[in-house]
Every structure is written in structure tokens, then in C-alpha cells.
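Take a look at the structure below.
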Amino acid sequence: ALPLALFAGPCQLESRAHALEMASALKEIAGRLGIGLVYKTSFDKANRTSANAKRGLGLDAALPIFAEIRESLGLPIVTDVHEASQCARVAEAVDVLQIPAFLCRQTDLLIAAAETGRVVKVKKGQFLAPWDMKNVVAKVLAAGNPNVLVTERGASFGYNTLVTDMRALPILAETGAPVVFDATHSVQQPGGQGTATGGDRRFVPVLARAAVAVGVAAVFIETHQDPDHAPSDGPNMVPLGELEALLRNLQAFDRLAKA
Amino acid sequence: ALPLALFAGPCQLESRAHALEMASALKEIAGRLGIGLVYKTSFDKANRTSANAKRGLGLDAALPIFAEIRESLGLPIVTDVHEASQCARVAEAVDVLQIPAFLCRQTDLLIAAAETGRVVKVKKGQFLAPWDMKNVVAKVLAAGNPNVLVTERGASFGYNTLVTDMRALPILAETGAPVVFDATHSVQQPGGQGTATGGDRRFVPVLARAAVAVGVAAVFIETHQDPDHAPSDGPNMVPLGELEALLRNLQAFDRLAKA
Amino acid sequence: ALPLALFAGPCQLESRAHALEMASALKEIAGRLGIGLVYKTSFDKANRTSANAKRGLGLDAALPIFAEIRESLGLPIVTDVHEASQCARVAEAVDVLQIPAFLCRQTDLLIAAAETGRVVKVKKGQFLAPWDMKNVVAKVLAAGNPNVLVTERGASFGYNTLVTDMRALPILAETGAPVVFDATHSVQQPGGQGTATGGDRRFVPVLARAAVAVGVAAVFIETHQDPDHAPSDGPNMVPLGELEALLRNLQAFDRLAKA
Amino acid sequence: ALPLALFAGPCQLESRAHALEMASALKEIAGRLGIGLVYKTSFDKANRTSANAKRGLGLDAALPIFAEIRESLGLPIVTDVHEASQCARVAEAVDVLQIPAFLCRQTDLLIAAAETGRVVKVKKGQFLAPWDMKNVVAKVLAAGNPNVLVTERGASFGYNTLVTDMRALPILAETGAPVVFDATHSVQQPGGQGTATGGDRRFVPVLARAAVAVGVAAVFIETHQDPDHAPSDGPNMVPLGELEALLRNLQAFDRLAKA
């Protein structure tokens, strides 16, 4: 198996300057660790808990920034798509189209993403059993695109809580698609703060270590230089200053898991 | 409180003839019972478990049929919308736009539906706590549309199973929006048949009676003259021949609950 | 079907005077309503969240009080048993032995209770599927005692929360045993207050109406003249002063459900 | 932190010969690996799904066998206790008293086990949040016994399914008690075979690796030379012939986790 890869970045695209700064910092860390990096950022948070929450820069402002990060830093980029009509345009500026968990069964979105020819990274719905992702993968494959990734990010467990079932990782691998473990959203407490989603970043390293020990192709970790003041997912983002040590530890577990 | 109303129809729009036949039959039943009826049908099943499953007639073919049902039978119509761009066009032909459960937090879709001025009926996500629907309702209200309905249809409970928490009904009512109980999708077993979603229609009357006794504005019940040969949701649709007796019973419970 | 019966009383046996007062008050209410009453009280709360919580008077002090209630008021009594060795002695003083939910699969306890010849009322474990209660009922029947009741009291739903699946009621009825709905413990929030179990009595009438509408043999409702100062289960006991109106409403639903 | 220890043995005490054979085989494996071993076996399966299932040899027959294993092989022994009255007698023959998960809140049992002075190993109930185990540990400590172990073995997740929340491991560690991960019962499907409990041993190594990577004091793994013909827990026991390789792998993860 290939060594562990990394999807990382801040939750939202906050500004051109912030994006370039975060991407540069992550590129340096990835270089020191020799870990493959895909830069993650969202141009639109389309399903915020509350209508008053910040949604991001929007597609028009984001595309030139994505292009600049790819050109100046040579980093591949992953971003979310929310409607079928966005896929073609977003695909021009990014390498990986991510299908949000709530939308993982929207056939038109999956097909439109697949038809761009870009890698399609599908997050497993919080409402879905791991064995049901084979139908989701089949929708992408049937659209002629073999480059599909599946992502574990927790399952609904009572109200306002997610639980990660580590058995899901080998079950997802049976789809044939590489499995990514999203350590950030797995520790969310959806809606747990009334008009915002909570979380507990203390458990990011716990779940990430467990998943890497079981065996995954990549981890997805949102990070921010100041998570407590980030516009979204602050409670579950890892501070940038702690990321390198965490990744170094995960790489050691990955080598052992794949030995 | 107003007496119990009914949202009913087959899961899918199968053909013009089938739609007119079902709508006529339901109109007769509703007339005999004196129950308010909104005819439900879907022009597109956009999130089928498998890409090979039938999706319905599509928007272009459906709109004239919706118009014909409204004109010839005088029935209001509810149908699902899946992308923001569909809302304006669908709104010309129907009275109620329904937001599917998986999409209940897609802000753009909620706003686009709200801006049509039609009634917006939002299904609570399987992944959402009932108290979190207040944020969803607020998104519709903030878009200037006070005509919003909320629908209970079960919460994720382990894998491939939903459970209906009857406490959700009074909690949903605290949003100020009338509460609809969807007795059809609450008995689904999502993905429970491998490449299709299962269910158990034996429990439709059980859950419907419980919900009406607690107190709801309306019930939503999918029905079909031959559910075992219907193209979708067959295992949980009520046979048309059994609907009138079920409704008569629910009306009795409704009168008692609202006495 | 027989009309709805009632199991009611305070959670704990607090003192002889309190027990006689509560039992008298309940007997009067039951007489006015024409509802069959079994008086419930516990001599020992054997599984309190914290070791520091009050456990009750104990078996030796309780038995003469049970006898006095039966003789002076003519009321049948139900109480919990926790170990096989208690059953014979408790059976001399009460009419119904209740098996706590955590203990519903303890074979020796079920058999010892069954062998007393008293009615055995088993609470379904929070960890048990409703169809698995058939094995529990079979253990009592195999011990030669046909007088077994099964009780629904919620299923684990994430952490510190229970959910009541109303489908469980007809499934439990398939065991052949009369089904009791415990409206008090179904609204518990186990461990939800750190060192005590919380709850929300607002939902007692909600769940009780739903269950009675579906159809049950009896309801179980803990009550207290001053629940907020009761030594256990205060948050989910119904104030004695509100019980009669609640029961009158449930009786109306019961008549309709069994019409 | 101390290196990983092991609780292992067959689910049931089947016979003297079988017990001595299994214990010898496990002692040899543990010797080769340099892993601390506590031999596990049950004299009574007191909560079988069905009353017709085999329960084991019983206490009288088991105690001399326990004594023989301790003397002839020098192995410490762990076994379950089910009623307070058993504890003193069992404590004479074993080193660790295990409190079954269903019984983890039975105050008398916890105190009686604690008062023997033996190590008390408590399994977390399937219905309990991990933070609620602090109250359970406090009951043992308050009885004057500081030697308490806590065990993770999965939480109820819908019907007939358990899920292991790896976040529970550090939360349990906050009690101060060493944490044991039970990889055998975490893969149970309670009641999942109608009149027996199912499971899937494929996931034992998956969950065990995850737990050891997060960090635990010991793993608990039931094993049998022929699990498919064992009288209980067959579907989730590891074949004896596969145990050594599994443990060697877990030890490597443990060294990394504790580096």
C-alpha cells in the first residue's frame, strides 16, 4: 500500500492572503514530512446550521485564488461542490471535487462531478451504513470515472453526536476505492451549540491514530492558525502549530500498519 | 386546532393516466371523509439508493400533468425540489414545494423555495435533532416566506434503521410551523435491501396513530393501488384499498387529541 | 381487549406514612376513574448512578408496610427484585415481581421470580431489540409460570438518552404477554446530570398518549406529591395533582384504540 | 506506561481437560511474546439469550479447576460474578473478579466484589456513556478497594448492533483506572441470531489495533481451538492458531503508542 497522504487546509476560504499563507505553511510541513498533500478549502459553506453564519467568498472570487495556489505552490486542491451545475466550472480550477456527506446520494451531483474527469471524493452520509457506499461508488464508476475516493466522517449516534465505527474502514475499502479518514468532522457535535455546530478537537488525534492503525489511504484534517477565531468548524480544527507533530506520529502508525 | 389534513399520493409520477386515476380516487376518499387533501407525487427521485433505479418522468413531462390535476380535479399539489434552480419553474405548477430530508440544511435550496412564495414543506433530516429544525425554519422565514411546514420522518438509529421519537412532534411545534407526520418514510429501512431501500408497511398505522394522538396538523401517507409492483417505496406504501379505513381511524384520534 | 390498567406510585418507599398516604390518594383516584390499580414502590434502588444516592428503606422494613397497604387498602403491589435469593421472601408480601431492565437477561433471577407463582413483570432492557423479549418471556414460561408481563421503557439512543420506538409495542405483544408502557422511565436521561439521572416529565403525557393510542394493556406512571423534592426519579415523576386529568385523557384514547 | 497485558481464554469453562489445555497453550504463547497473561474463563453464563443455551460447569465444579490452573501453571485467573453472595467464595479461587456489563450499576455486587480485596474488573454497560463510568469506579473505591479496572466493550447502536467509540478510551482513563479493551464482545451482534448472539470475528483485529493505537493497558480476547463448535460466543472468538500473530502485531502498535 502507498504511504499515508494528507488532505488539509482551513475549513473556509477566508481571503486570498489567508489561503496563500496557510497553503505555504502546509506545503512546508508536508515537505519536511515527505507526505503527499492536497490543499482543502471551501468557497461556500452551503449547509451552515444557521442562515446568519458566514458562508465563504463564493465561487467567482474563489476560482482565481485556487488557480494561484496551484500555480505558485504546485499544490493540488480539493473543494466541495453542492449542485450539479457547479461541477464543470469548479473542475477547471481544482483537482479533486468533494461531495458533502448530506449530498452523497444525490445522483445528478455524483454524475456531474464524475463527468468532469477530476477525482471525486465522496463523504459517507451520517445516515448511511458503510456497506451502502458501494452503491454510491457505483454511480461514479457508471458515469465513466474510475477515480473515486470514499471518506469516513462518523455516523449519527443519538442527537447532536457522531460516532466513528472503525469497522467501517475495511468495509469501505471493499468498494475498491481508497479510503480517507476525516478526523475533523468525525469529532463534530452537529447543531450542538444551538445555532452552530460544536466539536472537540481533543479527539482528533485519538480517532486519527485509530484509523491509521486500522489502515487508510489518507487522513483529512482541517487546520487553522487560530481555530478559536475561525469562521466555521473552529471547535474541531487542529491548531496549525500542532499539526506537524500529529502527522509525524500518524506516519509512524501508518508505516507499521502497512509493514 | 384545525382538523387533520392529508398529504397523499404515490411515491413517483409514473404516467399521466396513473396520476389522474390516483388523484381522482384520493379526491373521492377525501371527499367522503371531509379531510383536506394535498396530492403528492415526485417528478424525479433524485437520491435513489442505486443509479439503476427508476427516477420518474422528469420535470418537463411532469409539469403539464401537475397542471392538469390541479385544473381538472381542483387539488393542490406537493412535489420535491432538489436544486435551487428548479424552484421557480416547479412553483408555477404546484402549491407546496417539499425539501427532501437529506437537503434540509442546503441554504440556497431553502431560500430559492421560500422566494417562490409557495408553501415550503421541509422534511427533518434523519441526522438532525428536532430542536435543530428551528434554524431551518428561520432560513425560510428570513427569506420572507411565512408559509413553512415541518415534517417528522424518523431519525437514524444504528444502520439501515430509522426510529420515530414522538417527543419530536411537540418540539417541532415550538418552531411555530405546522407539523406533518410522514408515516411512510418513518417506516423505511434505508438501504436495507442491498441496492434498494426496504420498509414495513405494517407499522404505518401504528406510527400514524401514535403521532395523531400526540397531535399533528397533517399526516403524509404514500399509497398505491398495487404497492408491491410500484417503482419505488413499495414496501412502505399503503394499498389504496386500505387507506380510507386507516384515515377514518386517524380522524377519530385527531378529534380526541384536539378536543 | 380489557380496559387500560395502571401501575402507579412513588419511585421509592420513603416511609410508612408516605406510602400509606400515596396509596390512599391513588386508590381514590383509581376509584373515581374505574381504572385497575397496582401500587408500585421500591424497597431498594439497587442500581443508582452514584453510591451516595438514597437507596430506600430496605427489604426488612418494607415488607410489613407492603402487607399493611395490601390489607388496609386492598391494593395489589408491585416491587422490584434484584437477586434470585430475594424472590421468595418478597413474593410473600407483593402480587407482582418486577425485573429491572438491566437485569432482564439474568436467567436465575427470571426463574426464581417465576417459581414464586406471582405475576412476573419484566422491563425490556435499554440494550435489547423488542423481538428479543420473546426469549425472555420464554425463560419465565419454561419455569412454569404463565403470568408474565412485558414492559417497554425506551432504548439506548446515543449517550444519556433513550428513545421510545412505538413499533416495539405490537412486536412485544407478539410474545403473547400483556404489554405495559412505562411512561416514567422512557423519559429518563440516564446519567444525564453527572451523578444522577435526569429526565423531562413534560414528555410523560406525550409518550403515554402515543402508546395508549397504539394499544397497551397498562401504563406505568411514577407519581409524587412533590417530585422536585423526591429522593429519586424526581425529574420524570408526574405531580400527584396532575395525575387524574392525565389518566382521564388516556382512558379516552384507550377506549378509542380498543373500540 | 506499562506494556500491553492480555486477558484471554475461552468464553466458557467447558471441562477440566479443556481448561488445562487452553491455559497451557496460552501460557506458552504469552511466554514467547513476553506479554502478561490473565486466564479468563466463565463458570456460568448467567445471561444467555435463550434459557436453552449452555451455561457452563457451575461454581462448585469450577473452583477446584481454577485452583489447579493457578497452582500448576502459575497463571492468574479472571472470572465473572453475577450476585453479591458469590463474590467471597469466587475470590478464594481467582485473582480478578469481573463485573458483567449488564450488571455494572448493581451497587451491591460492586461492593461485595470490592470487599474481597481482589482486583475488580468492571465492563462498561452497553447502555452507559463512558463518562458515567466514573460513578461506577467510585462505588468500588468507596468500598476501600483501589484495584479496579474498567473495560470498553461497545455501546448499543440501534438494534442488535454495538459500536465502539474510540473516544471512550481516553475518557475512561480519566477515571484513573487502567483501561482494558474487550475486542471479543465489541464485535457481538446481541441477539442477532434469533435465539443466540452473533458476531463477526473478522473485526477483532480491526478494533484491537485501533484501541491499542489509541492506548490501553490491556486487551481482552476470547479464543478457542475450534470457535465454530464452541458452546458460546463462537462467532466472535479468535481461533487459537491465529492468536499469536495477532498479539505480536498488537504489541508493535502498543510500543509505538507508548513510545
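So that you can tell them apart, the chains are marked A, B, C and D in the order they are listed, and the count of residues begins at 1 in each.
We adopt the following convention: a contact is a pair of C-beta atoms (placed from the backbone, for glycine too) under 8 Å apart; a residue touches a chain by one contact, two chains touch by 3 or more.
Owing to the predicted nature of the structure, the values given are computational and were not obtained by experimental measurement.
Participant: Relative to chain C, which chain has the most distant C-alpha mean position?
Facilitator: In terms of C-alpha centroids, the chain at the greatest distance from chain C is A.
Participant: Counting C-beta pairs in contact, which comes out ahead: A-C or A-D?
Facilitator: Higher C-beta contact count between the two pairs: A-D.
Participant: How many angstrom lie between the CA centroids of chain A and chain C, rounded to a whole number?
Facilitator: Computed from C-alpha means, the inter-chain centre distance equals 48 Å.
Participant: Find the geometric centre of each of chain A and chain B from their Cα atoms only, then give the gap between the two centres in Å, rounded to an integer.
Facilitator: 33
Participant: I'd like to verify one number: the distance from the centre of chain A to the centre of chain D, where each centre is the average of its C-alpha atoms, in whole angstrom.
Facilitator: 37
Participant: Can you list the chain C residues in contact with two or more other chains?
Facilitator: 155, 157, 159, 163
Participant: Considering only the defined contacts, which chain A positions touch chain C in the complex?
Facilitator: Where chain A meets chain C, its residues are 157-159, 161, 163.
Participant: Would you pull the chain A residues touching chain B in the complex into a rising list?
Facilitator: 46-51, 55, 82-85, 102-103, 105-108, 110-111, 125-132, 135, 138-139, 142, 155-156, 159-160, 190-191, 195
Participant: Can you list the chain C residues touching chain B in their complex?
Facilitator: Residues 155, 157, 163-167, 169-170, 187, 202-203, 206-207, 209-214, 252-253, 256-257 of chain C touch chain B in their complex.
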